[in-house]
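Before anything else, here's the structure in question.
Think of it as A, B and C in the order they're written, each chain with its own count starting at 1.
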Amino acid sequence: MRGREGVDSRQNRPRAFSLGELAERVGGEVVGDPAIEIEGPGSLAGARAGQISHLSHAAYRDKLATTGASAVILRPDDLAGCPTNALVVANPYHAFARVSQLWDDPPPLNRGIHPSADVHPGASIHQAARIGPNVVVGPDTEVAPGVRVYANAVIGPRCRLDEDVRLMANATLYADVKLGARTVVHSNSVIGSDGFGYAPDANGRLEAIAQLGGVTVGRDVSIGSGTTIDRGAIDDTVIEDGVKIDNQVQIGHNCRVGAHSLICGCVGLVGSTTVGRHCVLAGMVGVGGDRPIDICDHVTVSGVTHVAGSITEPGTYAGGTIHDRMRPWKRNALRFQRLDELFKRVTRLERKIR
Amino acid sequence: MRGREGVDSRQNRPRAFSLGELAERVGGEVVGDPAIEIEGPGSLAGARAGQISHLSHAAYRDKLATTGASAVILRPDDLAGCPTNALVVANPYHAFARVSQLWDDPPPLNRGIHPSADVHPGASIHQAARIGPNVVVGPDTEVAPGVRVYANAVIGPRCRLDEDVRLMANATLYADVKLGARTVVHSNSVIGSDGFGYAPDANGRLEAIAQLGGVTVGRDVSIGSGTTIDRGAIDDTVIEDGVKIDNQVQIGHNCRVGAHSLICGCVGLVGSTTVGRHCVLAGMVGVGGDRPIDICDHVTVSGVTHVAGSITEPGTYAGGTIHDRMRPWKRNALRFQRLDELFKRVTRLERKIR
Amino acid sequence: MRGREGVDSRQNRPRAFSLGELAERVGGEVVGDPAIEIEGPGSLAGARAGQISHLSHAAYRDKLATTGASAVILRPDDLAGCPTNALVVANPYHAFARVSQLWDDPPPLNRGIHPSADVHPGASIHQAARIGPNVVVGPDTEVAPGVRVYANAVIGPRCRLDEDVRLMANATLYADVKLGARTVVHSNSVIGSDGFGYAPDANGRLEAIAQLGGVTVGRDVSIGSGTTIDRGAIDDTVIEDGVKIDNQVQIGHNCRVGAHSLICGCVGLVGSTTVGRHCVLAGMVGVGGDRPIDICDHVTVSGVTHVAGSITEPGTYAGGTIHDRMRPWKRNALRFQRLDELFKRVTRLERKIR
């Protein structure tokens, strides 16, 4: 990518692109001056000269007239209200995402293996990979070209990191973890630790079921900071291509998350859950019940919902209650514990009246 | 253990055991060929020749007839339907757990102290312990024989790691943490960081209460990845023998978790909570209220429940609501905020009718 | 601080202070013997000779008569019932906090840069800072005097750590993170990783919005273990002065947390949330809804509450339900899904009766 190479040569000067270049890159049309130089993205309300912003949602339309941006990515319908140069596309948010990535700036890391890294002689590191300080790599692990492993990350035996994978500082991979091309694992995440399975004896003492599987992560996956994904008991835990997982998500052993799904912060999936393709689990959703849960494709679950059983139809789901003042909440929460009784009282009343 | 020694000599060949050997090990009876070689565990539905499976739950009984396993661990009652060799025991799940452990395969680690480790001269490391690369050990810490401390883990001052403890990569122990024999702490967990106690002044500025206690963890405890257990304010936070804690659990200062309890993923215990022996807190349970909470022995709490007060009788508890389609959920959640009023309306109706 | 210096010279002997010294330090009055030596804090019920305790809450008043403490910090009103030396103040809990800090004992760390640390030549480390083993520091990062960076922590490019900041073992800072004076970041926390923003294309494939902002953390902030705070998309995520954040808290990109607020364990804030000053979010509170949420100053939210919309008036808020026995809970939870219908049934009854 031209922009990224630019970072080495220009050092601390911001990278700049002409609006025309950006339009070509995202397949849009310039209305205004295609030669104007863009030095970075900005929000519609906060952008200043040299920045490009976007109008993707009707809720922000009133901010368009007064934007200080040098260009705005927008739909044809919004062109009339645009006070500055426009980059017209069908999907402004997606185009803005692609444009913004030109200024993405991963921390620097030298090519080759840092002298303080401890790489097992049985590991195979491509010479175009970058292995940072104090990184530890176990036997029989393969690291492809373009991979970046940042400081103090640890990789166990028999792992495979495909092209351009990024493993950020202090992340940990146990044994038998495969990461597909371009996948990113953020700091202090742990992939492949033992699943949670115990069998009690007659006295309630707990004996561990050995966890012998691995974790297979597809291509273009992102895994946030402080997230944990356990290895399977026998087969692998699987995260399919294009899945995006936020921070502090917990994924139990033998789960499968379908391609292009979004798993937001603090979600927990109990072991053996399957989530379909193109799903969205919003923040703090908890999935788990009496038996393994399957969520079908194209399901959206809103935040802080307990998914207690399988979902077999696409759509939007929710649960829980909404915050309230402490006092009325307490009265209502106590009444909740007698809700079944209330239903029966109403039924009795209805009978009497009939 | 014979099986584990085997790993060094046989290298990449799977360890194998005769079914007769396994039966002896778990005190069961072979029905079929005791000489058949077993090379690993498998699920009833997925096992192939050379694998051993188990039938522990009636729900899986229909999978028995078509299993590809070379042997199945089961109860006498299920023997009639078994199409292959059987290992008959009273508690198949427990026997399967013990058998599966023969193939457990902790990451390799060389004996002795890795040259890159930084061990304080005032620490005492037994020569039969294994200290991995970039491990840091503080003063006055004692490490017993058989202990394995994996790469980049950090151990503070005045800790004690008893026989065969395993501290996985990137885990952190603060000062004054004691881990009993055979206890495992998974990666990126933190034990002994400061409890959360603050006193406001007249202007609402918060002054920290110094946290001066430690953490005492018993024997045979397992602590998952990304879990945090705070040190006590004055006395120690205590985790008793045989407790199993999953990933991303948060245990506040001065908690005590009773022996042989299971704490599942994402559970949070507010400071000074006590959990009894043989309890099960399922995923995302939150324990905390106006005052310190005590949960007695033999309590099971199902997932995503808020335990807002003490539980004084054994049994199974639950809370929260169940997921629903977004639209009906929203209507019901708004009605919840007027539930107390509804009770009063029904009471008035009842009076009128009487 | 005198007490802290004492640790070096006296080694393993406890530091001691006369009660008179303590009174001077917190601006209180001694009733009893000001010369008595105090060697540490204790709880009212558990303290022994040489320890100082406090009576801050009426609930503990019955423990005063039998305390074994050598001194008790209390209000004038409670003086009559005190069987030992008293330190009389207006705010005993706050005075106890300040006194307890005299025995605070951060893990030892040598002055200067440990030889195993990897500090970029473009970083600037003050000679009165302490950089521990295997620490990695990126280019253009500035570290002020008195800063302590413990073992295996990693600091990205362009960070700034002001006077007396403590970064504990295995913590990770990405690029562009500023930490104000005296701020503490506990182990395995991650500050500055990428915010979670994705734009779908027409086929539901997710394209990342580049995250280009940083994180600005004020002075006297505490950030617990395993906590994650994402960098802003364009502007910084901001944590103001004096905020105290517990373990395993997740703070999304572009959030702002107001000065002197308390964020307890396992709280999650979706991106672009603002929390006011002097707020308290108790454990496992989840904040997130259809649009960005603002919580005004002086709001307290009790544990395990879902804040689904903005809060514009100070006060105490709550949500969720309370645990119950499994069977009645299940009946009630199923009824909840027909609550709106019940309201309508009651309304019909009321009409009929009128």
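Details
Throughout what follows, a residue touches a chain if its C-beta (ideal position, glycine included) is under 8 Å from a C-beta of that chain, and two chains touch if they have at least 3 such contacts.
From a predicted model like this one, the values you see are computed outputs, not experimental measurements.
Under the stated contact rule, the graph of chain-to-chain touches is complete, every pair of chains being in contact.
Looking at which positions face the partner, chain B and chain C present mostly different ones, since fewer than half of the interface numbers are shared. Centre-to-centre, using mean CA coordinates, chain B is 26 Å away from chain C. Shown for chain C are the residues that touch two or more other chains, namely 116, 134, 152, 170, 188, 226, 248, 266, 320-322, 324, 329, 336, 338-339, 342, 346, 349, 353. Taken together, the chain A residues at the contact with chain C in this complex read 40-43, 46, 56, 59, 91, 93-94, 96-98, 100-105, 107-108, 114, 116, 132-134, 150-152, 168-170, 186-188, 222, 224-226, 242, 244, 246-248, 260, 262, 264-266, 277-278, 282-284, 303-304, 320-326, 329-330, 333-334, 336-340, 342-343, 346, 349-350, 353. Within the complex, the chain A residues that touch chain B are 116, 118, 134, 136, 138-139, 152, 154, 156-157, 170, 172, 174-175, 188-190, 193-194, 196-202, 204-210, 212, 226-228, 230, 234-235, 248, 250, 252, 266, 268, 270, 286, 288-289, 291, 301-302, 305-309, 311, 315-322, 324, 328-329, 331-332, 335-336, 338-339, 342, 345-346, 349, 352-353.
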